[in-house]
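Chain IDs A, B, C and D follow the sequence of writing; residue 1 opens each chain.
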């Protein structure tokens, strides 16, 4: 705890330094100072914080009382297993993204107030750490809002672009609307518990009140987590933000929404047991988000939008885990509960690693080629092999391929769902198994989507001149990628250990857990062994192949064009054509808009085909809603007509109405 | 004596101002009035608080008991004093710049020519305005309070008509007419109070003390009628919907420092009038009646403000409507009673500081961009970085986001709504706050972000005078959002206690 | 005494209606000054609880000075300055509505009187509704009149109504306060007069119906 | 069935050795139907031997991904195969949820094969890659449903490893349908369809066509040559064995006391599956590409039906 507090103090210190530096004129010496001191402070603080997390028992609850100066609430903080699990990505990605951001901003930032950027970055990390440890409603809300607002200033970094302004606005509105629901949630919880910190000590509630709180939490936190109908800010904000920010937002910040839901559930004690529909609601919402996310992702041609939708998918998978855990608890099947909760946390940690990696890679692509539109990329693997390898690792991890880390979470979740076959009630069995089938579809589509993302962006021939001559990343740019890439591999091989760590954080008594964790750890050990064996086999095969080719005649030549000799990069498959078979199946869900044109005749000279998948929820639901409100407001503006007579008439009418109301009875 | 100085200092300063011919003299005089008034109000506050805590200390009384401040009034007095200081600092820079411009200027909208009112008269009215507010906040005599509020109208009308062009005149006329009529109704409210207590009448000038202590003997029907008239009357001045119509016009046309004072200090004074009535009704056991009305008008004001904020392109009108919203929140908080009253007191403090800052900043924007339309202001962060930074912060503050003071007050009001299980009120409150946030975010962000339009004059010099007061106010609201000094807490709690907690 | 009082009250009501129907500004100004005189008379006629005659006389003198002499002078001066003295008639169709609303207000005031408990006969009969009706007539004039000066007259009438209502409650200690009220109103009208001057200079008319450039 | 290690490893060795026979059998059956003599049954062995000796032509567009495709596709089948209860003997690696590992490991191989295809930059290979990715995604739910149905048959949490391939595919189902649970018979049907999809046989894909525009799997490996192509062919054969072994695990009841008899019966069943594939290929035409998705949907629906019927009992 002490180390953790020192880390927080260091973050505060860094933030105040940066705030001061951002207000003075940006002369070169100050810029240099900020460039070095800002990220260094953040990285040091994150390292300290990380050390603080591993200091002492993982599951132990360590409370602390911070000084508090407001008339409401209090400064209660506590570290427990759940907080530690969620803090892991915050500190890990916080440091890595600061490193990467420092490398990419060092040269590129004429005119920007870099100190302000790093200030808000520090604030975000600090607020995240506080959100995850706060044990008081007001403290939590303040931290939450700081955490929600500071990304806004990070997203609007390139605000001379209209799309960035639009995106930052969408983010701000979504964040605030979610926060408003949370205001209601905490005020209600306060009322129920009688004090601002009562919620965090656990509330005993009637089912109706408990469900009201649960729904408020689900909507408020779900908006942050990017759950399906409330996800629309994600695909806008991530492409607009600088990539190191997207990585942190996607890998660490949206987890805070999940944390909120998770924490809320553990704190609500419903008389007569948790209502059954909670778990099903979460499972359904999770599956819906996962499917929506991945189907939309497969239709995107902007890499960062694709990654953003994939975050929606992964949050959905985590929520499915939470829902499974709830169902397990509710039906008294602790094995399923253990697996579900553990899956949620494991996948959360793993997601931070690979999504952070992928966003950072996307940032390097943007830096190298000036675009992340897949149809303008290609051939980057040959030109930037290390970057390509990092992306390949991330892509393989995100589609949950063993032996990388993504597999563990999905494995545990699928196992939890599959255990449903042993339950006595048929409807629960069917529900869980249907969810598992959905999960299988999601993972299949994810594989197709990331095959597209990596294959179209990095493989084949460059589709544009810029992609053919990219601005090569320096070692400083690449080193930060090594950490999450190593985490993808390392966490995959350390899956049993990760599971053991996470198991200590589960909201279940350890004696209940014990009979269920041991077999799972054994299974994970086998998975790791098989993975290691597979790596061995691969190594052997590679050596054998090399041996075979060494003796034989080999040559390099251009790709065989099936008889078409004038092969150019333009005849390659593009992202639109790659998605086509899925589009045929899911076009309705994907909301794709196909633009194809072809000259008439037998030998068309010109043809083009492109697809776009704008968010229909945003275009068909939210935009018209906002528009309608605006039109309503405009219509009502007639009452301020500018005529003084009318104004005085309003007064007269109000007076008479009040007198009539007051004395009629 | 100190108490009397609160009144005499600005009066004397204002009179001297009429004869001060050099700019430096006027500036010094203004600063002297502001600082002197500040010191006097702090001393008065200290004396009153001491007297409240310990009977051995004598409470300050002046003018034969007409001036007899209580904690509730002192909250607003201190606010008025602080805001006046900020506005005076700003005024020095502002008037110096106005002096430097050509005497006959072109209006940036229709191109018609106009002149400024003489500075002596403007500054004198500013001082008289302060004197009137001091009277309002220190008296316990409803008649004197009424006179004070009427005088604020009469002295602030010339302030609004500083730039002598058509729109300003229109705004001034509307302000003058609507507020005069409104205050006339409030006067009737005073009369009805007297009728309610008839044939008894207070023997000295501490009417409030008498009314509160004898409230149970009064006629409830007359008290209700009196409160209705007070509410409509002072509500007009305070800007409760649907009586708020003068407010956006006057605030948008007045020089920004005047708007800041109107919004931050004057509206509070009018609210004090309503609070006095509420105190009496509370004491008479009719608190439910007055609370119900306050809650209703509070929500109605928030709704009206939301309707006008969404799609509002004119940034000073936007701020004015936001004042309507916040006055609604104040009324709501007081109407809800209990812990919400404390929230309302805190809200009054934080709103005044924030709104004053925003209006002063709006003055900077207007000076630089020569437009009141938020559509034509872009890229403030590049041309005027500190203003933009404070402007964006002010937007977050005024919409009640942490870490600013308004978050604490809005949340404590919300919390009390839920504690009293008025879930529909709570839902309406939250929905309206959300709509207002979305509505305000669009123009504010549009102004801060983006690329500066090509026609903008090259550079804006941010000086101590034009951003200094704003920065100090900004610092104050951040501080209040993170740390509440214990003395302020107890001060506000005492005020809330008086206002019917 | 009571009969005289009732006559005065009836005259007051008739004056209200006359003002609501009057087209031109000058007769309205005369009617307002007539109302001021009535006010002074009523002050002396209405039985009061704890005031002495000297004070009442002083106050009545002040009323005559301000309302009967001061205001008409001020308003006439403004009228001439603005240049509307000769052709001040406006063809308006709104007057019948004004009269109807005046009637409604009277009815409303009578209704309100039945709803309110009157302690120990504060007001003589008809006094309360008449005063309230005066207040409302004033407000209707403010609402219905297009010219700035008309609005000021309406404001004065409303103010007179309130003054009437407060009359029976006056006592020794509050005389200074009533005086300061009168002064306040006078200053208000003075400031309004200045504003009207500016309006006529700037807009070349004092028709505030044209004031609609500030709107949403 | 005792987890006897020796028969299992023998079955594994048999699989490794005999897998290239299966395409030979299929081709022979097809030739017989067409009234031709046909290629030798051991043709693939000759091909492999020849390819391993040859050099490779590697496209200048490619990177290490191109080489990784064949290697990984072979390695992953190597790894996935021992997770199965080969020859009806429980795998020594069996654990709860190993079916997930097997499915994802095969997915890894497929993923890299798709990437290798995209690495060439060829339009045709991209075409194949895109189809492979899409149809694999659709096949996955059906496969999982099959597994779950089998798990549901023996549904009892007291059986250790009830969610393991070794429990699912060692004769329980065949015993079950013998005990009047005819819905289990749907499973071989679905699995057979999945076998056709995963191994790119008619009516889904035609490995022998000369029209690249209609191919799926074969068109993906157009640019691979030499040892790379050998790896791919061998991996494909092993994968065919894998799916045939699944089918065999369902239909062959575990009633043999002698392990070697069981091994023999199992292997015969696998050969029979190959024959069945050959027959299917001979009597059916290739369906149009858009119909494949419907076919997979149908398979999923059948599997879901089987699952529900199983659960209701």
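Side notes on the structure shown:
Simple rule for what comes next: a contact is a pair of C-beta atoms (placed from the backbone, for glycine too) under 8 Å apart; a residue touches a chain by one contact, two chains touch by 3 or more.
Here the structure is a predicted model, which is why all the values come from computation and not from measurement.
Think of each touching pair as a link: the shortest run of links from chain B to chain D has 2 of them. Counted as hops between touching chains, the shortest connection from chain B to chain C is 1.
Using the mean of the Cα atoms as each chain's centre, the chain most removed from chain B is D. Here A-C and A-B were compared by C-beta pairs in contact; the pair with more is A-B. Separating the centre of chain C from that of chain D, both taken as means of CA atoms, is a distance of 101 Å. Spacing of chain A relative to chain C, judged by their CA centroids, is 70 angstrom.
Rounded to whole angstrom, the centroid-to-centroid distance between chain A and chain B, based on C-alpha atoms, equals 44 Å. Chain A and chain D have centres, each the mean of its CA atoms, that are 36 Å apart.
Each of residues 112, 115-116, 139, 142, 151, 208, 211, 213-214, 216 in chain C touches at least two other chains. Counting only residues that touch two or more partner chains, chain A has 637, 640, 644, 648, 651, 659, 663. By the document's touch criterion, interfaces exist between A-B, A-C, A-D, B-C.
Across the interface of their complex, chain A is touched by residues 108, 112, 115-116, 136, 139-140, 142-146, 151, 208-209, 211-216 of chain C. Partner chain A is touched in their complex by these residues of chain B: 173-174, 177-178, 181-182, 185, 221, 224-225, 228-229, 231-232, 236, 242-243, 245-246, 248, 289, 293, 306-308, 310-311, 342, 346, 379, 381-382, 385-386, 389, 396, 399, 401-403, 407-408, 411-412, 414-415, 417-419, 421, 426-427, 430-431, 433-435, 437-439, 441-442, 445-446, 449-451, 481-485, 489. In the complex of the two chains, the chain A residues touching chain C come out as 637, 640-645, 648-649, 651-652, 656, 659, 663. Residues 23, 69-72, 111, 113, 138, 141-142, 145-146, 149, 156, 159-160, 162, 165, 168-169, 172-173, 176-177, 179-181, 183-184, 187-188, 190-191, 626, 629-630, 632-634, 636-637, 639-640, 644, 646-648, 650-651, 654-655, 658-659, 662-663 of chain A are the ones that touch chain B when the two sit in their complex. Against chain D, the residues of chain A that register as touching in their complex are 335, 378-379, 381-382, 385, 388, 392, 396, 399-402, 407, 410-411, 414-415, 418-419, 421-422, 426, 429-430, 433, 436-438, 440-441, 443-445, 447-448, 451-452, 454-456, 459-461, 519-520, 522-523, 526-527, 530, 533-534, 537-538, 541-542, 544-545, 548-549, 552-562, 567, 569, 571-573, 577-582, 584-585.
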